[in-house]
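So, here's a batch of structures to check.
Next, two complexes with chain A in common: one pairs it with chain B, the other with chain C.
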Partner chain A sequence: MAKHYGRGIAAVNYPTGMNLGGDPTQALIFCQPTGGFSVKLASTDLGQGLKTVIAQIAAEALGVPFDSVIVDTGDTDSAPHCMGTFASRATHRVGNAVIMAANEARKALMDVAADEMEAAPEDLVLENGEIYVKGAPERKTNVFNVALAAHFKYGKTISGRGIYLKQKSSLDPETGACDPDSTEAHATTVAEVEVDDETGEVKVLRLASAYEVGRQINPEMVKGQIVSGAVMGMSHALMETVFPYYPALDHHTYSFGEYIIPTALDIPEIESVVLEYPSSNGPYGVKGVGEMTANSPIPAIVNAIYDAVGVWVTDLPVTPEKVLRALEEKALEAN
Partner chain B sequence: MGVKQLGIVGQSVKRRDGIGHVTGQTQYVDDVFYTGMLWLKMVRSPISRGIIHGIDTSKAEAFPGVVTVVTAKDVPNNWYTILCLIGVEPNDEPVLAHEEVMYFGEPICAIVAETEAIAAEAAALVKLDIEELPPVLEMEFAISPDAPAIKKWGNNTFMYDGYNHRKLRFGDFEKAIQQADYVIEGDYSLSPIEHAPIETHCCVVKPEPDGRLTVHSNTQALYFTMDNTAIILQVPSQRLHMIGGTVGGGFGGKVDVITEPITCIAAMKTGRPVKWRWTREEEMRKSSTRAGVKMHYTDGVMKDGRIIARKVRSLEDAGAYHRHSPYGVQKHMANLPGPYTIPNVWVDAYCVYTNRQPSSAMRGFGVTEATFAVECQMERIARTIGMDSWEIRLINAYRNGQMRPVQKVVEDATLIETIQAAAELIGHELPAHLKAMSSDDYAGKGGHHG
Partner chain C sequence: MESITVTFKLNGKTTAVAIEPLESLRTVLREHLHLHATKAGCGQGGCGSCTVLVNAEPVLSCLMLAALADGQEITTLEGIGTAQHMHPLQAAFFDRFAAQCGYCSPGMIMAAKALLDKNPHPTRAEIAEALAGNLCRCTGYVAILDAIEDVVTQMQEA
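This part shows the complex of A and B:
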């Protein structure tokens, strides 16, 4: 009886956006009298940080300070349509809609600034809320002054509308030919495990991953997705089922007393490196990272178990019972 | 890697809602209370399959503190087909069951009462007269001729353009498999799992003096939920005002529009605010799960490691009703070949109905399952032919400019680069010829990464 070390790898792709497309999202942006910008969305933040990354994208596209951007989500009376937060689509779709809206608002802002400064709009530079004439930085104003002037002197609106839609692809019923995705993100995970051949227990020692996500809007939040996804994937591989004897209904779980998920003590060493190869159609090159981080750990762990003890347990979850049965079968075959 | 530096994009600014989340100050739907608010509890099917002969709510209605009972006849359009807006048909799921029950936990009627405890107590007083039928639970049986058809259209699969499965056909699998040095098969399966969000489903509806309904929802998709709710209520969407946007974990489990229609009906019927919040048990046993999936791979492989043919048969367990499964199976199908260049591919993907709590969207919908099978199968191939685990993936990885089985040219591939980076991360030295590979090294087309 012994504990066996094993290492496994898995390389995966993940599509960004709803399969086949056809999933639009809109954004509205308006400027307040003192230069604050409100981004109106009906999108949902599931805890992944959408409200923060959208504020970053809006600030970047508008050319104004991050703190002057307000992101208002989640009210159908005050914001236009969003298809929803799923399919690793939110940062890609909402981000693109926000950039389009920001470009329109920025143009309106710069037109007023040009009137105010008696310069051509194309000669003006907007950086972090400051506006100056190209080549003559002493001729300057700022968004605060221009916004006030737009409201109370010129009677002009500074606002923008944006939408992003990947038009829905057809699907050939005979061949399945279709355009399923906007772009593809990729990852490779290496899992290291220890398998106890007496108890059948699998302990994950380490999950090390390389992710390629287009461009990171907020690297710490990408890392947050990678770490939490690794834990969810490990849990899927080794612990979770609502029907432990699927397809039978017996022992249908009803609480976290029977439905076991990892706690802090189960979490292995998790390392990651992130590569950036911007996509052609994402905002600043974004690809969706949301869902995929829970995927690559699963086969990496199953492959590591094979590496450790030479049995394929390919019916999830890989419970100690299934490992022991597979080892027993292997021993019988060997005799 | 030549990524242009930007300003605030690319910086790890502190998340704006983080402090609220970790100090318990974020407002979730269950934090919403109104004066005079009523509570809702659902009466559910105690069996997996049966014919309803009677629903006697008289004792529950007479119970002190009960304000009303909502049954199927109170639902203006008693069809719950959330993909009807994208053309998925026919309708197959009643909002409240009245003729038959198709799974353990199927909603039958809702008790609306002054307190949550009264609603729960009264729910136990509803007398159900249901004739039990043997449930269909196993997918191979469900699609066999011996199984009773549990769906009204006469079989137990979703029908895609007249076929009982989705097809992917690329190249000539039958010819290629004859030429392969190895034929390598593998079975892969997953059990249904739960989304397990910290925040369970919850909805609060307040009838407003102007006749509109304010709907506090933790849906992942506000407009989708609004429009589907309006279709069920048979009111213009403009009568609904959806408020949400902050969700305590979704993972795909909160796009089912499962609480809003009934809570709205209860509020309209009573003229009072109503809250319906799910228990953990309801979340596990009644909300949609991830589907159980069974996949069989048959691969034709050459001695040099090239995969020249791949055939996949996949069964996805939708449970009793569509929900999002017909969509999920299509996404599954497109991903079953994996991110590898294989010139001959044959995939049959089935959306199968059983008498089980419906499955629906969950994180990685259809892709998680495919990825699991593909990557275990790649390892099995490597071990069978005696090739290195890194090399088998690198030589077969799709390259920019190559054709995927869905007949879309590869554009944004970086599988090779992540494999190389992972090897470097763990200090595994790849041989020079593998290190030299790139997603842009396909001779047929210059890459765009530059």
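This part shows the complex of A and C:
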């Protein structure tokens, strides 16, 4: 009876967005008299940080400080249509729609600024909320003054409409070829485990991953997705099931007493590196990095268990009982 | 059932509230006193999102009858810091991106505060042990442990 060390590897290519009957998302941006911009979306922030990255993208595209952008996510009645926050699509789809809306709002802003400053719009520079005449930086104003003038002097709106549509791609009846997604992100995970052949317990010692996710809008939040995905993947691999003997319903779970998810005591060493190869069609080269993070850890752990004790347990989660049954079967076959 | 009045010290202030005898402390905090930092998660003592301090001990407020809080000293997240004047733990969670959806954060911070008040120099393993009753679905815990370790380091340097 002993503990066995094993190491396994797995890789994933993950699509950003989906095909559906076409995959659109809209955004509206408007400027308040204060010079603050509001981005109106129906896209929900589930905690992944969508509002933060969209505010970053809007601020960049508008040319205003991050703090002057509010992202207001309404519901499907009150906000412009979004297909939803799923399929790792939101930063890509919403980001593109917001850039389109920001470009229109920025043009409206610069037209008013041009009237105010008696200059041609193409001669004006907008940087971090400050506006000046190219080559004559002493002739300057700012977004706040222009917004006030637009509202109270010219009676003009500073606003923009945006939409991003991934066109529906139908299957070629001859070849089956199709363009189902917009871009793909990639990852590889190496798992190190320790398997106790007496109890059947699997302990994940380390999860090391490399991620290629296009341009990172917010690297700390990308890291957050990767770390949490590693733990969630480990959890799918080893712990989580509603019906442990499905299709039999015996011992189904009622509470967190039986439905086991990792606690702070179960966390392996987690390491990751991120490579940035910008996509051709994402906002600033973005790809999706949400769901994929819980993918490659699972087969990597299953492979590491095989490496450790020579049994394949492919029915998830890999519970101690399944490991012991597989080891017993292997011993019977050997005799 | 007739309502009863309980009196406790809540975030440093003596508070009297009329409650139904079988109401939980969590319900009284959230629904009678409108203190919503304390979260309603599983309601079965399984997730830790309702953790508050009762006489400096971390307690699952969903499992404690509010009537038993009579005469006790209760601390919720609202009592330790504000957005303008964050408690060092709140600031560290903020700096370390230690929240995604944020639903577990108040309970995590209260459990961590209970630990640090008793043991200002815990190891990472001791921190993990103290948080073992608080579930988090989003972060993978690493950033949370990092944040609390930051506070331990700050206290050592201070």
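Going forward, the second predicted complex is superposed on the first by the 323 of 335 C-alpha atoms of A that agree within 3 Å, B and C clash if a C-alpha of one lies under 4 Å from a C-alpha of the other, contacts with A are read in each partner's own complex, and residues count from 1 in each chain.
Just so it is clear, contacts are C-beta pairs under 8 Å (C-beta built on N, C-alpha and C of every residue); 3 or more make two chains touch, one makes a residue touch a chain.
Computed from a predicted structure; not experimentally measured.
Q: Quick check on the superposed pair: does A:128 touch chain B, chain C, both, or neither? Answer first, second, both or neither.
A: First partner only, chain B.
Q: Taking the superposition as given, does A:84 touch the first partner, chain B, the second, chain C, both, or neither?
A: Only chain B; A:84 stays clear of chain C.
Q: If we overlay the two complexes on their shared chain A, which of chain B and chain C does A:173 touch? Say first, second, both or neither.
A: first
Q: For A:262 in the superposed arrangement: first (chain B), second (chain C), both or neither?
A: second
Q: Identify the partner contact of A:155: answer first if only chain B is touched, second if only chain C is, both if each is, neither if none is.
A: neither
Q: On the A-aligned overlay, A:270 touches which partner chain: chain B = first, chain C = second, or both, or neither?
A: It touches chain C, and chain B stays clear.
Q: State whether A:284 touches chain B only (first), chain C only (second), both chains, or neither.
A: Touch status of A:284: first partner only.
Q: Which partner does A:75 reach: the first (chain B), the second (chain C), both, or neither?
A: first
Q: Going by the contact rule stated at the top, is it chain B or chain C that touches a larger number of residues on chain A?
A: Ranking chain B and chain C by residues of chain A touched puts B first.
Q: If you stack the two complexes on chain A, which partner ends up touching A:232: first (chain B), second (chain C), both, or neither?
A: A:232: touches chain B and chain C.
Q: Where on chain A do chain B and chain C both make contact?
A: Residues 46-47, 49, 220-221, 232, 255-256, 261 of chain A touch both chain B and chain C.
Q: Please name which positions on chain C make contact with chain A in the complex.
A: Residues of chain C touching chain A: 42, 44, 46-47, 97, 99-102, 127-129, 131-145.
Q: Which residues, counting only chain A, touch chain B once they are in their complex?
A: Interface residues on chain A, with respect to chain B: 8-15, 19-20, 22, 41-47, 49, 51-52, 55-57, 59-60, 66, 71, 73-77, 81-87, 128, 171, 173-181, 183-184, 186-190, 208-212, 214-221, 232, 236, 240-244, 246-249, 252-256, 259, 261, 271-273, 275-280, 284-285, 287, 290-292, 294-296, 298-300, 302-303, 306, 312, 314-317.
Q: Would you mind writing out the residues of chain B in touch with chain A in their complex?
A: 1, 3, 6-17, 21, 48, 86, 104, 137-139, 160-163, 166-170, 186-194, 196, 219-224, 226, 240-252, 255, 280-281, 284-285, 289, 292, 317, 327, 330-331, 333-335, 338-339, 347, 354, 356, 361, 363-368, 371-376, 378-380, 383, 389-390, 393, 397, 405-408, 411-415, 417-422, 424-426, 428, 448-449
Q: Help me check something: in the complex, which residues belonging to chain A touch chain C?
A: Answer in residue numbers: 46-49, 220-221, 223-224, 227-232, 255-257, 261-265, 267, 270.
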